[in-house]
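What follows is chain A paired twice: with chain B in the first complex and chain C in the second.
For the complex of A and B:
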C-alpha cells in the first residue's frame, strides 16, 4: 500500500488509459479529416472535369444536342427568373408572418397551430412541395407548365418557412428596451415595429433570406415534378415561358451518353457552386458587418 | 387584358391616390394637434381603398372570364359546327385559344383556326371590360376614401388595422400551405385508392406499375420493396456513415479542438450541407458507383450493377454528416458543465468522461437528431434518382440496385401519360406515405428535443 501509484501494475494501467485517450482523440480527428477529404475529392473531381469547359461560349450559350455547342446561359437566366419570383413572394410574406408571430400574435391554440405548421413545413421533403405545385398550380390553376412562374411559386412555399424562422430569431434578438423607448414617446405598436424593430432586425432577416434562397437555387426535385425538365434551346424571355434552371440542366446533362457532356455537367456544377459560394459569402459579410450584439 | 398591365394600372392609380391624398391632407394641417393623423397616413388610407377592392375585383374577374369567353365563342355562327361531345368541344376550344394567342400555332382541326378569330375578339372585349371594371372599382374606392380626408378622421388607426390584417394573412399562408399539401395528397391518393386497395398497396411485395393494366391492379402496386429500399438506403446505409462520422466530428470540435481550429473547421464542414443534392447525385453516379462496381468485381461478384444502393447510401450519408454533427453539438452543449467537471474531478480521462458521462446524458438529444436526419435522408430525391436505380427488389445486398419511394415518384410523374391513370396517381399515394412518415419522425424528434432541454434547465 506504501507505493500504489508507483507500482508497475498501476503505471501500466494509467498508460493504457492514456493510450485510449489518444486513440479516441485521433478517431475524432479522423472523422473530421475523412469528411473534409470527401469534400475535397468531390470538388477536385468537378474542377478536373469541368474547368476545361468553362469558356465564354459555354457561359453565353444555351442547351443544345451537341455537347460542344451547349451552354448554360439559358439555364442561368431561368434560374434567375425563378429566384426572382421566389424572392418577391417569400421575402415579404415571410417577414410579415415573422413580425406577426413574434410581435402581435395572441397566445392561443390557433397561433400554436400556425407555429407547428411552420416548423413542420421547414422539414417536409422538398419533393412533397413539388407534388403540391403539380396538383395545385398546374392541374388546378392551369398555370403554364415548366415556367419560372410555377417553379418560383413552388420554391417560395418551400423557402417561406426558412425566412419566417430566421426572421423570428432576428426580431427576438432586438432588446425590449428599444420597443419600450418608442412606445414611451408615443409611437403606436405598428410604428414601433416598422420604424424601430424591423430596421434593427433586417440584417439578420436578410442573412436568413439569402441562405434560404441559396437552398432554393440548388433545389431540383420539386422542379422535376412541375415539368422543368424539357429541352429548352432558347433562353426564356419572361416568367411564363418554358425554361430550364441550373440544377435541372446539370441533371439533364448527367443523363446524356455522349462523353462531351461530362465536361459540360462538371462545368455547370462549377457555375452553380460559384453562385452558391457568392450568396453564402454575402450572407456572412452581412452578418459580420451589420449584426449588433446587444 | 394581360395580368402585368392590370397590375400596373392598379399600382399607378394607387400612386396617384397617394400623392393627391397627401397633398389634400397637408392643406388641412394648421399646426400642432390640428389633425388626428399625419398626412402620410391619409395617403396610405386612400391607397388601401384603391388597391384592395381593385385587386379583389380583378381576381374575381379572372376566375369567371374564361367561362364568359367560351360562352361568347360558342354563340358565334362558326361554333355551330362543333361536335356535341363535351370532351372534344373542350379540346377544340383550348386549341382555338392557343391559335388566338399565337397565330403561327397550327391546330389539329381546321375548326380551331376558324374559331380563333371570334376567340380573339371575345378575349379582347372581355379583357377591356374587366380592365374597365377594375378601374371603376379602384376609382370608387379611392373616391370614397378621399372624402374621408378630414382633420378629425382617424386614418392611422384604420391603416394600422389594415396592416394587422395583412400580417395575419401572411402567417396564415403557412397554414394554408400545410392544408394544401395534405388536401392535394389526400385527394389524389384517394382517387388512387378507389382503384387499388390500401392493404394491397401497403403490404404487397410486387411493384410494377408499367404492367398495371386491366384488373390486376392490386398485384402490381405493392409498395413494400420501395419502403424497404428507402429504409435500407436512407436509414441504414446512410446512417452507418453519418452517425459515427457526425458524432465523432461533433465530439472532436466541441471537446478537443481549440477555439481557432473550431472556427475554421466548423464552417468548412457545413459546406457539405450546402452543396446541392444534384451535385452529390452526379458525384455518386460518376465516381462512387463505378468505383464500387470495380471493387465488387475484384471481390469476385459476377456482373455487379453500375447502380447500387451502397453508392447512393454512402453519398447520402456524407451529405447528412453536418446535420448529425450540429444536432449532436447542441445536445452535448445542453449537458450541464457540472456533470463533466464532476467526472473529471474523480480522475476520469477526457475520453472516459465523454463516453461514460456526456454521451449518456446527451443521448435523448442525439437520438432526436438522428431521427431528424433519417427523415431528411428518406425524403432525399436527387441522389437516389441519379445513383440508386429503378429495380424494385427486396434484397439486403448493398451492391444491388434498389429503388426508393422518391425515385418512383419522379419516375411516375415525369412521363407523358394522362394525369388520372392509377400509375400517376400512385405517385401521390407514395407522397402521402412519405409525408406522414417524415411528419411523425419530426414531431417525435422535436418533442424529445424540447423535453430534453427542459430536463437540464
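For the complex of A and C:
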C-alpha cells in the first residue's frame, strides 16, 4: 500500500494540487488588486485636479457663474438637509415595517404580496422615483420645487425598501431562543420585540440604513426630475428653500464650458467622497458599539 | 394524589392539518415532579408547551380541549397569556440567557410585572432567585458580568433563577439537561429535587434514567397519544401497557 503514496505518479499528482492551490491564491489576490487599482486611479486623478481648489473659500462659498468664486457649501448644506429629511422619514417607517412583517404579520397571500412589492420597490430605477416625487409632492401637494424637503421625501421612498429588507434580515438573525426566553417570563409580544429583538438587531439595521443613505446621497437622477438642478447662489436656510445637492453640483459643473470648473468638479467629488467615507465610518463605529458579544 | 394543580381534558393540538397531540387527559399534582417521556416526535414537548400557551406563538398551531390551572381555564378568553406565563414558568432545552448581565437577566421579569418597589427590593428578589437556583455563591461577586459568559450548567441554572424570579406556581422544563455534561446535569437534578416542594414541576426528558431519578410521576407519550401515566416506580418496574414496557426496556425510541 505504501508504494502507492511514494510512486512518482502520486508525487506528481500532489505537486499538481499544490500548484493549483497557489494559482488560486494569486488569481484571488489579482482580483482584489485590480478592483482597488480603479479606486486608486480615480482618487489620483481627482486629487491631482481638485486638491488645488480645495480651500476655505471653496468649502464655504456657494455656486457662482465665475469658477474662481464658486464654492460647494450650498450643495453640502443642501445634501445635509435632504439626507436629514430622508433619514427622519425612511428610518422609522422602514424599521416599523420590517418589525411588523417579520414579527407580527400573519402568513397569508396578502402579506406575500406586500413582501414581493417591497422587494420590487428596492429594484425600481431611481428616475421613476423622481417622476413620482414630481407628480405627487410637487404637482399634487404643491410642495416647493427644488427644495431639500421634496428631495428628501423622494429619496426616502427610495431608501425605505432598502431599510425594510436589511432590517428584516437583521431581525431574522436574532435567535428564536431569545424570543422564547422573554415570552416565557411573561413579556408581551411587543415587549419582546422592543426590549430584546430590536436591540440585538440594531447593529444590522443601522448598517443597512447607512448603506441606503449613502446610496441616496450619491443619487442624482430623481433629483433632476424635481428641479434640484437649478442654479442656486445662496445656501438654503431651511428645508423649503431651493437648494442644490453635492452630486447635482458635480453634474452641473462638469457641464460648464469654462475650464476653471474642471478643478471645481474634482474638488466637489473629493468632498462627496469624504462625506461617504464619514458615513461608512459611522456605520462601522455604530456596528461595533452596539454589537452584542455572546 | 391530592388536588391537581393542572388538569388537562381531551386535549388535541394541531399544526395546520396535522394532529400532533391526540386526546390527552392528565392531572398534574402540586409539590411533585412529573416527567414526560417518549421517543422523539411523540408530542411530549408540544404538550408541555400547551401548558403555558407557548404554542400560541407558533403560526398555525391550534389547541382544543380543556386545560385548567387551579380550576381556571387557561384557554379562556379572559385568561391573559402574558399573566399565565408568569404563573407557569418555562426552562428550555438550550440555556438561553439574555445577552445582558446576570443581574439584568433575572431583573427583567420582575421589572415588566412591577414586582419590585425600588432597587433594594429588586436586589432581594435577585438574591432569593439565585439562591433558590443554587447559583448565588458562584455569581454573587460578579452580578454585572454577562450571563452568556457563564458555563452551560450555570447558564441553565440562571434560566431557572430567571423563571423563579417572577414567583411562578408551575415550572415547565423542556429537556433542561440535554445540552449539559453529567456534572452539570447532576446539579440541575439536585435543584429540581429542592424546588419540588414549592412548585409543581413538569419535566420533558429523553433520558429514562433521569425521569426515574427526579420524578414521582411519569407519563409515557407515543405518536401524539399519552399511552400510560402513573407513579414513576410503577411505570419503570411494572408498566401496564406493552408499548411502555417496550420503550423502557429499549426496544424502540
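Keep in mind that, in the parts below, the second predicted complex is superposed on the first by the 248 of 294 C-alpha atoms of A that agree within 3 Å, B and C clash if a C-alpha of one lies under 4 Å from a C-alpha of the other, contacts with A are read in each partner's own complex, and residues count from 1 in each chain.
Heads up, the rule we're going with is that a contact is a pair of C-beta atoms (placed from the backbone, for glycine too) under 8 Å apart; a residue touches a chain by one contact, two chains touch by 3 or more.
As the structure is a prediction and not an experimental result, all values here were calculated from the model.
> For A:178, decide between first (touching chain B), second (touching chain C), both and neither.
second
> Could you look at A:223 and tell me whether it touches chain B, chain C, both or neither (first, second, both, neither)?
It touches nothing on chain B or chain C.
> In the overlay, answer first, second, both or neither for which of chain B and chain C A:149 touches.
neither
> In the superposed arrangement, does A:200 touch chain B (first), chain C (second), both or neither?
Only chain C is touched by A:200; chain B is not.
> Regarding the shared-chain residue A:134, is it in contact with chain B (first), chain C (second), both, or neither?
So A:134 only meets chain B here.
> Taking the superposition on A as described, I'd like to know which of chain B and chain C A:46 touches: first, second, both or neither.
It touches chain B, and chain C stays clear.
> Is A:75 contacted by the first partner chain B, the second partner chain C, both or neither?
A:75 contacts neither chain B nor chain C.
> Residues of chain A touched by chain B versus by chain C: which partner has the larger set?
Answer, by number of touched residues of chain A: B.
> Which partner does A:188 contact after superposing on A: first (chain B), second (chain C), both, neither?
In the superposition, A:188 contacts both chain B and chain C.
> Taking the superposition on A as described, I'd like to know which of chain B and chain C A:27 touches: first, second, both or neither.
first
> Please write out, lowest number first, the residues of chain A touched by both chain B and chain C across the two complexes.
Comparing the two interfaces on chain A, one with chain B and one with chain C, the shared residues are 188-189.
> Which residues, counting only chain A, touch chain C once they are in their complex?
Counting only chain A, the residues touching chain C are 106-107, 175, 177-189, 191, 195-196, 200, 292-294.
> Within their complex, state which residues of chain C touch chain A.
Per the touch definition, chain C meets chain A at residues 52, 54, 57, 59-60, 82-86, 89-90, 92, 94, 96-99, 108-109, 112-113, 146, 148, 159, 162-163, 165-166.
> Please output the residues of chain A touching chain B within their complex, sorted ascending.
It comes out as residues 17-18, 20-21, 23-25, 27-32, 34-36, 38-39, 41-42, 45-46, 49, 92-94, 96-97, 99-101, 104-105, 113-114, 117-121, 123-129, 131-132, 134-136, 139, 157, 160-161, 164, 188-190, 194, 214-215, 217-221, 224-225, 227, 229, 247, 250-251, 254, 262, 265-266, 269, 272-273, 276, 280.
> Given the complex with chain A, which residues does chain B contribute to the contact?
Residue positions touching the partner: 156, 160, 163-164, 166-168, 170-175, 177-178, 180-181, 184-185, 187-188, 244-249, 251-253, 255-256, 265, 268-269, 271-272, 274-283, 285-287, 318, 321, 349-352, 354-355, 372, 375-376, 378-382, 385-386, 406, 409-410, 413-414, 419, 427-428, 431, 434-435, 438-439, 442-443, 446.
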